[in-house]
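Per-chain numbering from 1; labels A, B and C assigned in written order.
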Amino acid sequence: MGVGLGGIIIEQARKAYGTVAALKGVSLTIAAGEFLALVGPSGCGKTTLMRAIAGLETLDAGRVIFGEDDVTARRAADRDVAMVFQNYALYPHLTVFQNIAVPLVMRRLNAWQRLPVVGPLASRQARAAIAADVRAAAESLAIGHLLARKPGQLSGGQRQRVALGRAIVRHPRVFLMDEPLSNLDASLRTETRRELVDLHRRVGAATIYVTHDQSEAMTMADRVAVMMDGEILQVATPEAIYADPADLRVAGFVGSPRINVLAVDSAAGPVRVGGWDTGLVGPGATHYAVRPESLVPADDGLPVRLEHIEFLGDSLLLHARHEPTGAALVARLEPQARKSLERGQALHLRPLHGLLFGADGRRIRSVARHPALV
Amino acid sequence: MLTGPAMLAYLAMLLVPTLAVVVLAFTDFELGMPGFRWVGFDNFADLLTDRTVAASVRNTALYVAIVTPASILAGLGLALLIESGLRGKIVFRAIFFLPVVSLMVAMATAWQYLLHPTIGPVNALLRMIGLAGPNWLGSSDWVLISLGAIGVWENAGFNMVLVLAGLTAIPRELYAAAEVDGARSAVARFRLVTWPLLGPTMLLVTTITTIRSIRTFDTVATLTQGGPNKASEMIVWTIYQEGFSFLRMGYAAALTVVFLIVVLVVMLVQTRIIEKRTHYA
Amino acid sequence: MKAAPRLILLSLLAVLVLLPYIWMVSVSLKPRSEVFSATLSLIPQDWAAAQNYGRVLREIPIGRYLLNGVFVCGAILAFQLAFAIPAGYALAKLRFPGRGALFAFVMLGLLVPAHVPAIPLYIAAANAGLLNSYTALIAPFTISVFGIFLFRQFFRAMPDELLHAARVDGMNEASVVLRVVLPNAWPAATAFAIFSVVAHWSDLFWPLIVVTEGDLYTPALGVLWFRAEEAGDDYGALMAAAVMVTAPLVIAFLLAQRRFIEGMTMSGLKG
């Protein structure tokens, strides 16, 4: 067993704060060099999990293993992790150079060598090596020219690079990022996304990236772990998360606009929604979900009345009401379709591809009755 | 306008009297004596040769030198102790802060009993372990130290509260970052995060405690009246004696001016140091 | 730090700090013979509370002194608020020429310790025949530069829109101050009130100078006088008096800790 030296294994992690369970038996495996996005709504436990991996929280039960080392009992300082915090957590009284140097100073110099005046005298060589490493890290992030400044004099994007520099300078085994983009302007965010992925490739360490923004997770990660209410609902590639969700909550969390969910008429027999036969069979199915881009206007399908049309330039969003059940639906169409549609119109939307979920939210793999119907 | 009454009060109660003090310092005014003359810098010259004033200045300096660092360290220590755990914060904070809201004259009297050489518990305790406790408030060797101890007792809680405010302003994330960066021990985290970020607070605390110590009056007036043998003579008490017991107001005014200058210098030094260090986020 | 050692250490220090209080109460309950026996026991063998407290209540008008304290501190606070709130508001929100200079000028007052104006104020009071009067006790403290500073900072932080909305609704300046400004000044006012009351309840210097008649003694003076003139070596009664004058503020503090600490921390800014 094991994931090679660079991987991470979390086994049945449990953590409760008083009566509130933040982690309810979470297990996760991350391969060496993998970029895993840990995504979920606020309060789902992703930050708790990340802090537990970092060693900033102790688990009530379960293990954390880096490669072949069980680090569960070790504190953060002994785990060889690096972390980028949401608000960067830069030391305001130190220069950029000193900030990036801190992890190296803490680990390579002992307490005597760190004393204010005498320390530097006793550790010339070590400090020169540290300076070289700091400069290299700073150059690689294009902040080499800011080394003498203090965090208070930097912009948000620059501060983030300093935080990254402090994290990579040690060549850590595990790299953790806690919503690093949430404090940046929208325009800066998309640009920085790419840079972070590039950085990850350069650094090569297993990386866990925590975010509540599903588009970040989907665009950046090798695999995505969707977490809700202290449990991991699904870990898979972005494509699989999107097209093949294991849980109704996962389906609802990923994808914008949200996936359309309709109630199934009866849990037995062929799946019908508001009387219309979906062409699928799935025993125990209570919900039928279909993505907005999977709905097309047709002669046959779900009968809806158009309530609102949104023109986005590259696409058209139709907000409609499913007449039989009263459910609200959103469909995404080509922009040209605008010409033939108007508010209040009644039409049919046919789902090209639908997903079935049971009463507990779990995915029910459907069987198409008549391939020709689907 | 709205500021009218305040301005009037300011002029009448603060500005004019302060200017008057400076003017008085150059006269030989004595309340109750008819007329007065300008004496130039004579008062100040007399201050320099006056034994009592010399003792006063020396004692005040000594007192400040004892009480300021001791009560700052006490305040810092108490604040760190309270913040480092989870339980009892409110209770302990209240207890240590009690001296600040207590009537000093009354508490000084309580201390007098505690430190009483024959019937006081402190010496009784010392006697039990075989030591002969000195006459804490009645011996010229010990009186300043005793007053100093009371001063630390008085100021520690106040400083503690200021440091607590400074501690809570430090972002928690920095400690997490320090931990991840490898700062294993509490000492390492203190050096990396706590102490540097407490800088402005500690400066404030130092200035405040210094000025409060210089202004000590209640304990001296209640317990020792400057004695024995001027061993606990302190600046504000001397001003009081000269001005309101001996009624030599010109002379007392001169001493007041000196007192004012010292306080101003302390505040000036603080502002300078703050200006130099205000370059962080 | 681990839980147990921390609690132990804190408890020991707490006992150290509480020593004067504990003994003060203990002695106030003991008869003379026990007080002079230099015992270390806190619980009196003979209950002498009635004697000690009785003596205090009979011989010194402690009730009067406490009332004086309340009256003087209350009056000082009232005037301070009456002067500082409008001034702070004007300096913060109203625009008039010379505002900046006026503010700087007033702030100079922060540099001057309270003892400095004492001598000339005394001379003025003596010449005006105002010694031994409530006026003398109250007047010098009616100006609180710190109060002006505090309220100015507070009002600066108040959004202008609130005041604009009031003016648009038709209120004149006076109404704006009374109906909008004052109610919103409450938190700053309470913190300031605490700071002011604590400072003046304990004040010894000025009352000592201007008051020689027993009727007007503030609590601090009352204790001092009792100690010097009457108590002699009756520590029991002396401590009883001390307990009675210290109790009010201590109890108020224990009931409203947060507010107290807020108020006193603010005085830290004053320096």
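The rule we apply is simple: a residue touches a chain if its C-beta (ideal position, glycine included) is under 8 Å from a C-beta of that chain, and two chains touch if they have at least 3 such contacts.
Worth saying up front: this structure is predicted, and the values here are computed from it rather than measured.
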Shortest chain-hopping distance from chain B out to chain C: 1
Reference chain B; chain at largest CA-centroid distance: A
Maximum inter-chain contact count - chain pair: B-C
Gap in Å, rounded to a whole number, between the CA centres of chain C and chain B: 17
Where chain A and chain B are represented by their mean Cα positions, the distance between them in whole Å: 56
Multi-partner residues of chain B (at least 2 other chains): none
Chain A, residues touching no fewer than two other chains: none
Residue numbers of chain C (touch at least two other chains): none
Contact footprint of chain B on chain A as seen in their complex: 51, 54-56, 75-78, 81-83, 85-87, 89-94, 102-103, 106-107, 111, 114, 150-153, 166
Footprint of chain C on chain B - complex, ascending: 1-3, 5-7, 9-10, 12-18, 20-21, 24, 31, 78, 81-82, 84-88, 90, 92-107, 109-111, 113-114, 118-121, 123-125, 127-128, 153, 156-158, 161-162, 165, 186, 204-205, 207-208, 211, 215, 217-218, 221-222, 236, 239-240, 243-244, 249, 252-253, 256, 259-260, 263-264, 267
Touching residues on chain C, where the partner in the complex is chain B: 1, 3, 6-7, 9-10, 13-14, 17-21, 23-24, 27, 35-40, 79, 82-84, 86-87, 89-91, 94, 96, 102, 106, 109, 111-113, 115-124, 126, 139-143, 145, 148, 177, 198, 201-202, 204-205, 208-209, 219-220, 223-224, 227, 235, 238-239, 241-243, 245-246, 249-250, 252-254, 257, 260-261, 264-265, 268-269, 271
Touching residues on chain B, where the partner in the complex is chain A: 171, 173-174, 176-184, 188, 191-193, 196-197, 199, 279-281
